[in-house]
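There are two complexes below, and they share subunit A, which is joined by subunit B in the first and by subunit C in the second.
After this line comes the complex of A and B, so read on.
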């Protein structure tokens, strides 16, 4: 078993940043120095020792809101990306493994492929915006938008690695051993194909946080007064041109740092999977050995 | 070539049909009675009934879809609730401003990408590599609206570069609206101070889009050129002792299909970026119109925007594939 500690500095920074983000999401509302939903008497104060990120026009302590917002943004991301991963696994399997299935399977696969193409033909922000318009602003609509936006990526990753596994002759060897299609898929093909999708989870968490913030910034996301980064940024937007920069820029900085951490963690996970022999290197080995089986049989 | 073109063009109707199905179902997914939602908050019972009949909500779904599609094809995209005018007219009025923003940003992205990649090819190690990999890392991790606000704070408030984030021209300047694009209208009116003002207003939103959307282009292009740099054909070219300038040209030529695809997807991303950046800078284009439509529950307006964005995307990807056929001889033979 390979060590779980990342070898590169970037990987270490990423994992530490992601860990801090998760800790803030769990205990954030309790460690916030002020109530993130109740204004203080200090209005439009610059960052200082009493208010590290300053205060907004109503007197809210920005630091407390930012710390409390970890929970909102990360729980949306976890729920949305979790659902997307499962959905992507299902859709990707239908599409990528169709060559081994029957006629109905292949017909389903064509529908899935067509749907994935149509979803790709609309810009992400535009589509998410339309969805929140339809379902009304709120956490549920944002999670739905996250699912719609991140599922196609998982489905495509699973599809392309399943394709190469199928072409590698794994299915033929499983057939010879007398295994059914579903068993071949779940026990042999999928375990060899999920690595890129697993590495993508952390990247998708970042995408989800950015999307949640963007929607809230546009007034189409989480309902106030729920603490959320994009909403705070939009509240401060009107004050930036007059010099009160901290209301918008501090929450954005924290948002960026947490997204960067997720991206770096994703990179570290990819490297770890490659090093642990769960990645394409392992795939090649299987391809090679099953190729042998095919020839000798 | 002919067969490739035929196959690609025959894909277009299928894509457009899928887009229409999606946009049609957007309004049919509204929880509750869509007629109430589409009529807006202050509608009377008769208005709601009229909308119900015009949408044919009492008829089978495929009849409704047929009505919608034939309306869209005849240029009837419905009436916006927020502006009370036809959606097509609203979009046509605002699209040039958005296109101007996207065009300038894309032009600069192409120029800067070529320069950075050329630099990387010229000096594969050293500073170029550090700059490119450091900057490419920013791809997809910075929110465009936050970058816009940071630039306003840093460049406009602190250094006095650019203009206030409030539209395409200062409020005190008025030019006769011909195209509804501040810069072009000022040029038509022959008013140099107004043109200068319009350019000042264009600087910050364009830098925002360039800074955010150049990063993924650089990331992909540097990965591709690095691969080509170590390839057999590059080593062969080296062994012939060709000039470094020629070498850069050969490799750029070889990577041009990837470059074209990357730029096509960047153009599509820019549509989403324009929505956010227009909101930050009160630009008054289709993106800002769409955001207003969402916050005011103007479903017809939202529908129109999704449709126009989808059409635009389909056209961009079509152009991408045709360009590929033009530059890639392997595709031409197929």
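After this line comes the complex of A and C, so read on.
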């Protein structure tokens, strides 16, 4: 089994950053020095030892809010992306495996394909604002928006890998042997198709954190005073011109770092899956690719 | 190791290539890949560099261009190309030599061409890179395409690589390689992916180029091709040249055990082998195992406006195969043999005609009847690395196959199956990606045998393997046929390979059945001129200096 430690520096940075994010999400409320929802008497303080990230106009300790927001943002991301992955697996299987299925399967696949196209053509912000307009602000609407954005990506990743597995002969050989369609799909075709989708989980976590913050910034996200980065950034935006830069900058930096960490982790996962002993090096001839540019004969 | 290279001095200026004690190591794991190779090539001579995968022959070829892959280091030796030590030169010096002095042709010409540029443009660019003026470069493009014996050079020059057939593409690649008048050509298995008749044409072209003074290193695993094309041969094993010399003495009287093994594994048509007597089908009253009557298969592509083009993959094919016999279906790419295979195993239904396999009318195959049918008819795929799940161990794969027929299949049945295909029991715990090509194909065969089928269809089962493995797997098939009354259909493009085990030969060409003849008669004198052309095109290690011919007679092609 291959070591789980990423080989590249970027991968290491990403994994460490993601790990810190998760730790903050779990124990954040306990390490926050102040109550993230209760103002202190210090108003608009610059970052100092008592308030590492400063305070805002109402006296909230920014550091406490930022640390506590990990839990809000990450739980939305985890719930949303988790649901998307499962949904994407299902829709992608229906769509990608239709060539090996019967008539009903193929009909279902066409509906799924059409639905995915339609979903991806609706701008997500408009969709989320519409959700808020109908159901009001709240975590549910944000999670729905996350699912809405990330599901088609998972479904398409699964679908395209399944397509190439079906082309490759593995599925035909299962059919010749007499294995059922569902068994072929779940035991052979899917396990060989999920790699890219699994690697995409971490990337999607970052995307959904960004989306959550963006929606709060627009006033369509989670309901204040729930600690959330986007909301703090939007509040602080009014004070940047008057010199109180820390209110927006500090949560912005943390948001940026965690999103980048998730993206880098995704890349590390992709590399790990690609080299996870499935493509053998031990027994096969080393094959070399000679560069295109070098071959000017 | 045989001393081969010419002594310093008189021949120094003459040889276009001289490799002296070349040693290459993989920097990761410090594995020695080439362990002291010496050879030389004079102008107008063709050297065959023979070996199986992993022997270091490709690396040796690449080093002649000064193109060592990443992670490969030279630990010793020199490569002189036209007297210049190419591995010691600066990158821009190497580039100057590449193309103008030494050039390369690869197995897959599609990967050597830029897909978005026409063939002519690419040759033109190659010429300009070496400082040829616009006007003369333009003329040279057509000249060199003509030199590669491409009909209508102007037309070909304006085509994109994917628009050319495999043989034409390889000729265009040769034209590209020749553009700047090199004196040495490294050809790495340039004909391995080609059909026999097309291969014969490319070999003739290379021979003509050599006769005009080009020195050629021909890297291959096919001794038949070496016999026909090459003047000298060097046999490589594990990074060493184990035997070398002129082709005739080496192939007629090999000395090294590995050369002997390689030679005896090479399929041939000329050996005085007793062919199997034709089965007397009339005596047995049994119904035929396979009966195909007037089967046709069309593939329609739906155009934007109504009907698009229709491809007749199979037109009006009829034949019968008696139980317990071995039949070879032989044809080149586009002959319809793969389509026929898919019809026989029920992956597709014919658009017209009747196909009956093991008593099952294939047009009436439905999910209910398919279950029983699958136990009777099995298929061995061409490439086991693609048809076996890379995530499973050999044991899991065999257990799964046994489980289809018998849910309570035991591990002891797996061992039994393992022994039947001579698979070492120790590899059962390994994933298929960690098996050798031959072992992997044995797992695939074992899987196909698991339900105890009556009919086994093998679709080019050895084409991805080395010659020695090819022979072992063919031997296994022969053994299996003898053991139990198995009807075997061997789909192949290699008439020499199936010669010793087949009862009947069916040849296909452009979707039509050319002939179905008992093997004995077929190999003595085939009825059909296309079959004769196919036989003539087969390289044979005993036909030294005799290039296979490539004349495919004009035959009625596909209808429509």
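Rule of thumb we're sticking to: the second predicted complex is superposed on the first by the 276 of 297 C-alpha atoms of A that agree within 3 Å, B and C clash if a C-alpha of one lies under 4 Å from a C-alpha of the other, contacts with A are read in each partner's own complex, and residues count from 1 in each chain.
Everything below uses one rule, namely that a contact is a pair of C-beta atoms (placed from the backbone, for glycine too) under 8 Å apart; a residue touches a chain by one contact, two chains touch by 3 or more.
Note that the structure is a prediction, hence the values are computed from the model and not measured.
Undergrad: Please work out whether A:177 is in contact with subunit B alone, subunit C alone, both, or neither, and reply first, second, both or neither.
TA: A:177 contacts subunit C only, not subunit B.
Undergrad: Once the two complexes are aligned on chain A, which partner has more residues of subunit A within touching range, subunit B or subunit C?
TA: Counting residues of subunit A touched by each partner, the higher count goes to B.
Undergrad: Classify the contacts of A:263 with the two partner chains as first (subunit B alone), second (subunit C alone), both, or neither.
TA: The answer is first: A:263 touches subunit B but not subunit C.
Undergrad: Tell me the contact category for A:232 with respect to subunit B and subunit C: first, second, both or neither.
TA: Touch partners of A:232: none, neither subunit B nor subunit C.
Undergrad: For A:190, using the defined touch cut-off, is the partner it touches subunit B, subunit C, both, or neither? Pick first, second, both or neither.
TA: A:190 contacts neither subunit B nor subunit C.
Undergrad: So, does A:24 touch the first partner subunit B, the second partner subunit C, both, or neither?
TA: A:24 sits against neither subunit B nor subunit C.
Undergrad: Of all residues in subunit A, which touch subunit C in the complex?
TA: Against subunit C, subunit A makes touches at 102, 168-170, 172-173, 175-179, 187-188, 191-192, 277-280, 282-283, 285-286, 288-290, 292, 294-297.
Undergrad: Flag every residue of subunit B that touches subunit A in the complex, lowest number first.
TA: Answer in residue numbers: 14-15, 18-19, 21-22, 26-27, 29-31, 137, 140-146, 149-150, 152-153, 156-157, 164-166, 268-269, 271-273, 275-276, 279-280, 290-291, 293-295, 297, 299, 302-303, 305-306, 309-310, 313-314, 317.
Undergrad: Across the complex, what residues on subunit C touch subunit A?
TA: 26, 33, 53-54, 58-59, 62, 67, 69, 72, 95, 98-99, 103-104, 106, 112, 114, 125-126, 129, 176-177, 179-180, 182, 345, 347, 367, 370-371, 374-375, 378-379, 381, 383, 386-391, 400-401, 404-405, 431, 433-436, 444, 447-448, 450-451
Undergrad: Could you pull out which subunit A residues touch subunit B in their complex?
TA: Interface residues on subunit A, with respect to subunit B: 114, 117-118, 121-127, 129-130, 132-136, 203, 206-207, 210, 213-214, 217-220, 230, 233, 236-237, 240-243, 245, 248-249, 252, 255-256, 259-260, 263.
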